[in-house]
Every structure is written in structure tokens, then in C-alpha cells.
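All chains are identified by letter, namely A, B, C and D, in their written order; residue positions are counted from 1 within each chain.
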Amino acid sequence: MIKIGIVGATGYTGAELLRLLAVHPQAQVTVITSRGEQGKPVADLYPSLRGIIDLVFSEPDVDQLAQCDIVFFATPHGVAQSMVPDILQRGVKVIDLSADFRIKDVAVWESWYGQPHGAPELIPQAVYGLPELNRDAIAKATLIACPGCYPTSVQLGFLPLLEAGCVDLGDLIANSASGVSGAGRQASIGGLHSEVSDSFKAYAASGHRHHPEIVQGLNDIAALADGALVNGAQASVNLTFVPHLLPINRGIHTTLYANLTDPGVDVQALFEARYANEPFVDVMPSGSHPQTNSVRGSNYCRIAVHRPNGGAKVIVLVVEDNLTKGASGQGIQCMNIICGLAEETGLAAPALLP
Amino acid sequence: MIKIGIVGATGYTGAELLRLLAVHPQAQVTVITSRGEQGKPVADLYPSLRGIIDLVFSEPDVDQLAQCDIVFFATPHGVAQSMVPDILQRGVKVIDLSADFRIKDVAVWESWYGQPHGAPELIPQAVYGLPELNRDAIAKATLIACPGCYPTSVQLGFLPLLEAGCVDLGDLIANSASGVSGAGRQASIGGLHSEVSDSFKAYAASGHRHHPEIVQGLNDIAALADGALVNGAQASVNLTFVPHLLPINRGIHTTLYANLTDPGVDVQALFEARYANEPFVDVMPSGSHPQTNSVRGSNYCRIAVHRPNGGAKVIVLVVEDNLTKGASGQGIQCMNIICGLAEETGLAAPALLP
Amino acid sequence: MIKIGIVGATGYTGAELLRLLAVHPQAQVTVITSRGEQGKPVADLYPSLRGIIDLVFSEPDVDQLAQCDIVFFATPHGVAQSMVPDILQRGVKVIDLSADFRIKDVAVWESWYGQPHGAPELIPQAVYGLPELNRDAIAKATLIACPGCYPTSVQLGFLPLLEAGCVDLGDLIANSASGVSGAGRQASIGGLHSEVSDSFKAYAASGHRHHPEIVQGLNDIAALADGALVNGAQASVNLTFVPHLLPINRGIHTTLYANLTDPGVDVQALFEARYANEPFVDVMPSGSHPQTNSVRGSNYCRIAVHRPNGGAKVIVLVVEDNLTKGASGQGIQCMNIICGLAEETGLAAPALLP
Amino acid sequence: MIKIGIVGATGYTGAELLRLLAVHPQAQVTVITSRGEQGKPVADLYPSLRGIIDLVFSEPDVDQLAQCDIVFFATPHGVAQSMVPDILQRGVKVIDLSADFRIKDVAVWESWYGQPHGAPELIPQAVYGLPELNRDAIAKATLIACPGCYPTSVQLGFLPLLEAGCVDLGDLIANSASGVSGAGRQASIGGLHSEVSDSFKAYAASGHRHHPEIVQGLNDIAALADGALVNGAQASVNLTFVPHLLPINRGIHTTLYANLTDPGVDVQALFEARYANEPFVDVMPSGSHPQTNSVRGSNYCRIAVHRPNGGAKVIVLVVEDNLTKGASGQGIQCMNIICGLAEETGLAAPALLP
């Protein structure tokens, strides 16, 4: 049994880790910490776990976490930075669901998150936890920086096109919409049912923290593509990203737009080939429209590709559950890889429908 | 591996069977039938099952179903009656999720369902599939009549009170509210999002098909209680039942009202003792208010008991998922009992929250 | 033009007053106060009022409010008490939407609201603002205590039965469900979309602040009925009240249960006669089930009466919009009465459907 | 009083006409037809209109409709074509909310709607009912073709940019999302609450009937712009349009993407100037994100413009209520223009919030 510690499990990604690990056959949560809820049974906060999880929240403590094989951070940004160095030193592996180690350029991180980075020396060794891109590196990593929810959907959707080098990198558009659990479990007027339900809006249209993370990922992918060099220089991605808030709890739907530079490419075949062996990426038949409820509560990502009238514009539709493939499920997928388990272990349950 | 057949799996209870059995370690669906969708892959109807369930709908056929160990019926009323006799004769056990064999009095069944009963000779041997009441009989049964969704919640909520004989049977009230999946997956104006969402209403306030089923169950329970005889005659339950339609997909919440005849009874202790060993019934601490999302997608039933100002009125709050503990999950719980498995097998996943 | 002041308009009842008064042909909001949002244009807080309401929130100030003809309080309890005495003294009439002056027994008020009452001397002159009961007194009042949202629905539903003296007062049950706007516009985890949506629960089953208000109202009604004296003593209402939280923004649905003492009464005719001349109470045909969306955003209250199998149990179904007939709309209805206008003035718009 | 006839008022746009006209001070519905519901009181179908609208559905009849001043068609496509010629001949003006007369090129219409056009001779005289574009022509029209819901939002969002000739017409993107009432009030599995709620998807990504209507409108606008001629030839719009289905009843949110050809343009000032005198178009302050609930049930359209990092990509966010400004409200706005009334008459009510 893999012994798991979770730091900061009072939010939705922490609760999602608990939900998924409760039925994982090879892992057991042994430590769960929360400064605010110390001493409280987990099941008091989440009645859905009554009779299933018997743990009590404890004060975060490195000695105690050092007894675990793997520690997950499900904390707001800034927290993992302060504890991860000590935990790694004790030989425990870390899977960080927060934004702390995703961005390689410290200055960019500091400018978007408005604070100095607490452990910049660890950034180079952090492996970006997107298995479809980094499976081998994840297997050997000691520190995983799990991708954000939006970045997962955008990168999985553009990946085959960028690897094939068949779209104009100078004009990529990601029009995304997320369920409200992505905003976390903090009291706020903006998150009230009366404000969110029966409504829809864009937000952060002029700039969002996930933008630099996505651009970094897309540039990394593009750099590996044939023909990535344009006149001897590396082409750089120009991405327009507009997130929207959906009146649903879980789910991200991303609609991607790109211009094909090679009109002869068979985009459907391209996607099917790229993801043929991926356990959690489902390329749907041509003409499909994936619906977020088809992945609700599951670790699957479903993708469909459209090319209206066979023109140069390619549209990619991507759905995932922001708490599962977009956060905690992906973290457990990384854990399975690190521990040499089949990637599907504990993650095979279908979506909850309806 | 237990080989499972499902008749009529195009509706929501059929889909729920598929979702739950997909991760059941001891059972495998081998036959799935639908007259309307014959030849179509199941995953085409339910994209959530893409990559998980590879079956194709086939024409219902007794020879094929006879290869199974257990056949579930997830059909509208009237269908099971016509096929069950042949299937039982082939030595296959049947778990019927429909209303066909729930009511013992054929005349009552025929009057509520408006058609002659097709297999009245089987009614006596059908065991009512409520494990908390009938565990031993279920273990030996060949034909299970699974309770309706409302009846499960009402009976589990009244059970300890009626067994203890401490409430006035002459004035029981069940005020229930169900998610809209209870109405099935048929095209209808009344089920449209624009009609259901952002709204709430009672329906069938003057009479509902589940009323006679509930009354039959409550009478059976009451008949076994100490003091059930009043002046030498069996007391009979008088139940007022008002169902309501909730703008949610899954979940039933039932609010029960009864008058205590013995004001000295400790109702909290009574419920806790009665359900102490039940794997799927959770009696919450005094003062609790169970929420339907705490059981969403799970087989749990959560109950809380209130007695305002310590008076004679006892209020019981019950939540369940109408598709799981209220239908398909309960059916699988019965299957586990029949097959000698632990009741929790394949049913231990926590609710999906949020 | 009636000059209107609104104290505390940053919540949902305040916003509802603004929405309704924006199209009232005889009234104009001239002062709107908020301590927290002083100096901010109203339309910045409520974009729905952009281009429609040009006012700016100001510091609450008696001199300024004294320029108005009528001042509404849309404040949390405790605020109106501290300002109303001064305002009344300046000859301005007050319509209080809060709970401050609803309960006649000061000790009861203080025990439920946990603070000393700030203006107990005004309680006797406060008129309970339920037009269907108190129309004449409202016309002459200087201080209106508008009923709570739940109390409006419960009292309108029981009114004809209690006036006719045909039900057992010792066992009345009100099973109510409210949209989440009833909880106001404060940041809270309990009100988040992720916590409320796709779920349902009871709350305060052992006691709610609206209970004493409803009981007071029902006792007042019952006291006027023929046969209200039982063996020379006044019968007293015994009410069980269980509120529930609906995953909708607006709307209350109340299901009432009572036992007829006179089985010969024609309850349908009773209700139709009682409300024949009421502009905002609609008694639906026998067998109906009113839906909350049929009154969404409107001042109507719809009622249907059921008597299953013609027995002694009478079921009354009542719907209203908790922000309109349950709060601000009713306040404006009172204002119309006070000002000698037709009661429907500015309140005739149909519900928003779908 | 303007006498109004409505043909086909059993759907949501018909119900919306009734809701709005119920409080219109200068118009009265006198005839309302439905083949399917003939003889039924309107209020039986729409309980929200009980006590407000007393009409009974009648068989469509030209003689009866000829008594009206204006006849609205709220019918599926194909119906208006068959009746409009006779009605116009009787001197009655027609406002058609359906798609019958929107597209000028008959062949295009016939190919998208899959049937021969029934009255092609009337197409040239039909005026496209977008007041912000065609106010003068509407005033003199006898036949109004009201724009579709998506086209209204896309055209109002692109209008200032195209009139100014400052964007690349060769790559316009409209990413739209609509509430489910846009799909009408027909029984369908796809429209069930259990299928739509708590989910989101794109649809018709490879082609939608509103695409040719939008392109026609944008080309008309572009043709009038300075610099519309490129090398002596008219530039033609190339539009990618992807509609999505929102789990809400009402509301459209459109996110537009375009590339500025003139980076020096002040887009905020451009939009503010263009719509300064429009009663129903609200250009929000720079940096805003309009929310659909800010226009729910109202005739307003709110727009915000973004230009991330001051680059060449301009993003326009547009919200409207698909049943009001996107259909019936716009129809009444046209009616007001035709009848010489202020455009806001009967349409000034703010949105329903929350």
C-alpha cells in the first residue's frame, strides 16, 4: 500500500483526491493536514465521506508527512514552495496540484502571482505532470508540477497539431469555459448560487494566470516539431485565451481555433494516431461534439475535430472534468506512473451520467 | 465472474447499471438488449461509456439471456412480466427494477398500472429487494422485485419507528422530492430543461403509483412490531404521500412526519441501534440535515431525526440517490447478497461532490 | 410622484425594490443608502440597472430620508429599529421589509434574534403588511412590518381553512422550500453554487425564526373564526414547520397539511370564495399543481387544494416569489394601498417564463 | 390601442410576446392562433398568464387576422411563407420572428432549410428588423424579417468594427453560447433537463443555419464602410461560427475575435460613439465582462471590448436575452418604430436579477 499525505485538503481538489483515493486499490491516505480545520474529522467537513474516510485533519508537520511515500499539495499558490524543500529532503516524493512549480521562468511566475518565489532552486527539477507529453520524465521525477485545469485542455487539444507543425503558431485561440468549482471553496459573493446560476460570462479576457503556463507548454511542444525553425529562428506561439464561467460545478469545455498551414493534412487521422495508446484521451468520431457530462467525475478527456467546409480553419473541441483530469485525477495518474502501476489503476470509473 | 444480462438498458436505470457494473470486480455484463437500439454500440448512446463498455445492443432473446447468471430488467412496467417466466424456467435469476412484481395484490397492481398482470403466478415468489428488511429472503430468492425510489426512502425512514411501535400509524406523512431522472429518458415537454430548471412543484398530490407499494411495505413492517394489535385487530397504516419534482438530475429527499405514541422514546438511539450494522444506511448525528449531494452517485442512504422542542412530532429526513440506492445500486446490492459477496462489493465509491 | 427612500439596498430585496420601482408609474426612488457602498453608483453593483437607475449610494442620513414620502428598509434585522423612530417623527411613513417589527411579543423577538429590541414602543403601532388580511389597517398605517417570505406563503395557504374553523389547529404542518436568494447576498461557503446547486436539503428542522411569526399570524386568524373557542378557551395553533433549500434563485413552494374537522366542507369552493377579489392570489382549478416558475419575478401567489380520496387530510400547495410577493413586491403593494393607488399599480407584469 | 395578432404562440417566442405585450401601454393582443391548441385558453398552457391574458387559441384564419393592425409570426420556418401574402394583401403589417424572410438569396435559404420557398416574391420587400442598422427602413416597412438570436448578437458586436473598416474581414470568429430555450418547446431527449443541465457542449460546429444570415448581414455592413473596396473589388466576410448549448433557459453570450488592420484605433471609443444614442445597446466600461443575467428578460444588449496587451486581436463580448432582444423584444421594438412610438415603450423593464 502506498502511503499518501495530503496537505490542504479542505478545498475541492483535496476533496477530489479523497474521493478518488478512497477506492484506489494500491494507495491509502494516512495523513491529511489543514491549519484551519485541525482536529476535525474529515467526514464532518464532507458528509459524503462519512463511513468511508476516518481521518482527522492535523496540523501540517514535516516529520509526520515524512512517513508517507508521496505527498500531494492541494493548497493555494505559495504554500507548497515553503514546505516542499524539507519534504523532498526527507526522501518523500511530491505531487503539487498548485501553480507553484509549473512556470519555469521565475520572473514570469512572480509577476503573475505577485510574490517572490520561495524555492526557485527546485523549479528546474520539477516535472510538468502531463502524462501524454512527459510520461518518461514523470516516472523518474521526485517533484511533479501538475498542470492547471485550463492548460490541460488547451495543450491536449493543440498537441497533435503543433507536433505535426501544420498550424500557424502566430494566431492560436483558446475559448474556454469552466465549471465554478475551479474557483475553489472560499466564501465569496461572486461564487454564490444567486450570482452564478442561470448565467454565463467571460472573465479575465485581457489576461489570466494560466496564459503564461499554456504558452510555455505550447512553445515546448512546438519546439520539437519538424519545421519549427522559421528562417533559422524558433517560431513562438501567439495565443489568445478567453476563459468563461459556466453555471455548472464540474467540467471544462475548450473550443480551439487555428489556421492550417498545410491544407492537405487529415486532422482526424492525425489526432487518432497521436492518442491511439492514451488511456485517458478519447478522440471521438468525425463530426462529434463532446459534452462535459460525458467526463463528469472521470479522468477522461474527450476531443473532437472540425474543419468547416474543409477550409483552413480547424476547430478542436475538448472536454475534461476540471477537478479530475484537470487536477486530482491527473495527479493520481502521475502517482500511478511514478509507482509503476498501470495508469488506469483506481481511475477507471466512468463518468456520472446523468 | 458473474455473467450479467440487462434487458432494456437505454434508460437511466439501465445506464446506471452499466456505470456501476463497469467497475464491479466480480461481475461482467455480457448481454444487453434493446428493441429500439438493436445493433447500436452502447457507447454511441452513452458517450460516457466510450472506451469502457464495448457491448452492442441486441434484440431481447431468451436463449441468449439464458447464458447469463443473473438478468436485470430496467424496463417500463409490463415488460418483465412477459419475459421473466421463460428466463426463470431456464434457471437464471432475475432482478427486476421495474414495478412488475412489487405489489402483492394483483388487483391493486392492475388498477394502478391500467393493464392485466402478465404473470400473476410469480408474484408470491418475488422477494421485495430491500436488504435492510429482507436480507435473508433475498439471499435465497430467484426473483427480486426491487423497491421503487420513493418507497425505499420512505420505508427506510419509517422502519425503526414502526418496528418499535412508537408512532401513530393512522397519520403518517411523507413529503418527498425527487430529481428529474426519476421520470426516465423519454422525450417530453414536461421534462425539458426550460420547464424543469429554476422551478419546483408538487405532482400527483391526490395519488401516485408508489403509494400502494409504500403502504404495503409499511403494513408489513408494522405487523411485526410489538403491540401491533390494537384491540385484537391489526392496525393499518394511513399514509399521506406528496411527491415533488426537483430541478436536479439525481437525488431524493424525503421529509417524514409522525406522531409519537410513546413520548419517552429516544428516537436518535432507536435509529442508531437499528442501522448500526447496515453498510449503506448512515444515521447522522442529532441535529443534522442530510443533503442530496452527499449521496450523489453512491449507494448510501443518510438519515437524520428531529423532534422540535422535544414534542410528540418526530421528523425524519432521508436522502438517497434515486438511480443508485433507489434503483440500480440497490439491485446490485441484492445481486451481491444472492451471490454470497460482501454487500459493498463494487458499491463502495463515495458520492460525487461537488 | 411618490418620493421613495431605500435604506440598505445592496442586498437582493433592495435590488428587487429597485427593479420593480423602475417601472412604477407613480413612484420614484430619490434616495438610496448603503454604509458599505457609499459613493458608488447603483448600476456598478447591479449591471442590470445600467441605463435605468442613475442613483448613487449615500450614507444613511435622516435629514435626507425625511425628504421622501415613504422609506423602505431592506436591511438585516436590528437596523430599522435604530432609525425608524426618527424617521416616523419627521412624518415619513416606513415600510420595513426586515423582521424588526413583525413579532408583537418583545421577549419572543429578543430570544429568537439574540439582542435587545431597539424600539419596543413602536411595536404596537406597526401593522403587519399582509394585504389579504390587513388591508384596512395598512391603508391607515405609518409603520408597516412586511411579513417574511415563508410566513406569507403559510398564512395565505391556511387562511381560508382557519377562518372557516374547519381544521384541527393542534396539528398543522408546513413543509416549505425556498430559493437561495432568501439567504441574502452575503459571502458564505454554504451559499456557493458548488454547495447549493444540484442538491436539496432541509434546514432548521428543529426551529426557525419564522416559526413564531407564522404562529402569531395563524393564532390571530384563528381567533376571529366561528367556533374558535373550545370549551370556553381560545384554541391555540400547534405548527410544525420545516424549511428546505432549493437549488433555484427565486421562489417558495409550501406544502401544507391539515386535518379537517368538518369532512363536509368543500375546500375548493372555500378557497375560491375567500380569494375571489384578491388581485394577487390565484386559486387554481381542482387538481392543479402550481409551479414556482409560474410566479417568478411576479407578485402573484398561486394556490391549489387537494384532498386525496376525499379523506380528512387536506393538502394546500402554495407558490410565490420570495423576493416579490414574499418581500419587495408585497412592500410595494402596501405602498400602493397607503397611497390610495390601485394595488396592481406597477405590479402587473407576468412571471418570467421560461 | 394597436390590435395585435399572434400566429403560433405555443412556443417560447410566442409566450415571450404575450409576456411583454401584457404590459405594453399601447398594444393589445386580440387574436392568438394555434392549430394544435385551438379552443384552449392561453392561460391553461401558460399558468404564468392566469388572470392576465384571457384569450383562447383559435384556428389560424386570415379574415380574423385581417382585423388586426399588426400580425406577429412566432412559428417554425415555412409557416409564415404560406400565410403572409394573404395578410399583407389585406393591408395588415407583418413582423415575422421566424427565418422565412431573413435571407435574400432564395437558393441559399432553400438549401439550408431543405424545402422550396413559398413566397420568394416577397423577399425583396422584407426589411431585416435590426433597428440599430435599419431604423429608417423599418419605419416604412410592411414586412419585417426579425433577425435570429445568434445573428443579433454577432452583428451588434461586429458592427462598429466593420463600419469603421478596421478589422481583417477574412478571419472573423464568433464563439457563441445560447440558453436552451433557443431550441424551442418541442418534446425531445436532447432538451431534457437530465441531458442539458450541469453540462455544456458545442453543436453544429461544421455548419449552422444562422451562418448564412450572419454573413449576409456582415457583408452588407462591410459594403458601406470606407475602404471596403480592396483592389477595386468588394471584400467578403469569412466567418467561423461555433454555437454552444448553455445549461440555462435564457441568454446568449457571444465572444467575437477579430484582427485589427489599424492598430491605432481606439476600439472603446469607437463602440461608445456608435451606440451612444441606442436605447437598448449598452457599451460597458473598458475591462468589463457582461453577464447574461444582467439582461435576463430584458431587451438590452450589453457589450464590452477587450484588446489583450494592446495587440492586434480585438475581443468583443456581447450578451442579450435570446427570447427578448434576440426575438420577441426586438419584434416589439420594430413594432414601436412602425407605429411611431418611442422605441422603449413597453420594453423598459430591467432584467430579472437574481
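Heads up, the rule we're going with is that a contact is a pair of C-beta atoms (placed from the backbone, for glycine too) under 8 Å apart; a residue touches a chain by one contact, two chains touch by 3 or more.
Nothing here was measured: the structure is a model prediction, and the numbers come from that model.
Chemist: Look at both sides of the chain A and chain B contact and report whether the same residue positions are involved, with over half shared, or different ones.
Modeler: Interface between chain A and chain B is built from largely the same residues.
Chemist: Going by the touch criterion at the top, tell me which pair is linked by more C-beta contacts: B-D or B-C.
Modeler: B-C
Chemist: In whole angstrom, how far does the Cα centroid of chain B sit from the Cα centroid of chain C?
Modeler: About 39 Å, centre to centre.
Chemist: List the centre-to-centre spacing of chain A and chain B in whole Å, with centres computed as mean CA coordinates.
Modeler: The answer is 38 Å.
Chemist: Can you check how far apart chain B and chain D are, centre to centre, with Cα atoms defining each centre and the answer in Å?
Modeler: Computed value for the inter-centroid distance: 47 Å.
Chemist: So which stretches of chain D touch two or more other chains?
Modeler: Chain D, residues with two or more chain partners: 12, 181, 194-195, 197-198, 247-250, 290-291, 293, 296, 354.
Chemist: Under the touch definition given earlier, write down the residues of chain B that touch chain A in their complex.
Modeler: Contact set of chain B toward chain A: 12, 15, 18-19, 22-23, 46-53, 181, 197-198, 249-250, 282, 284, 288, 290-291, 293-298, 300, 302, 348-354.
Chemist: Going by the contact rule at the top, pick out the chain D residues touching chain A in the complex.
Modeler: It is residues 171, 173, 175, 177, 194-195, 197-203, 205-207, 240, 242, 244, 246-251, 253, 255, 257, 259, 287, 289-293, 296, 304, 306-309, 313, 315, 317, 319, 354 of chain D that touch chain A.
Chemist: Quick one: which bits of chain A touch chain C in the complex? Just the residue numbers, please.
Modeler: 12, 180-181, 185-189, 191-198, 247-249
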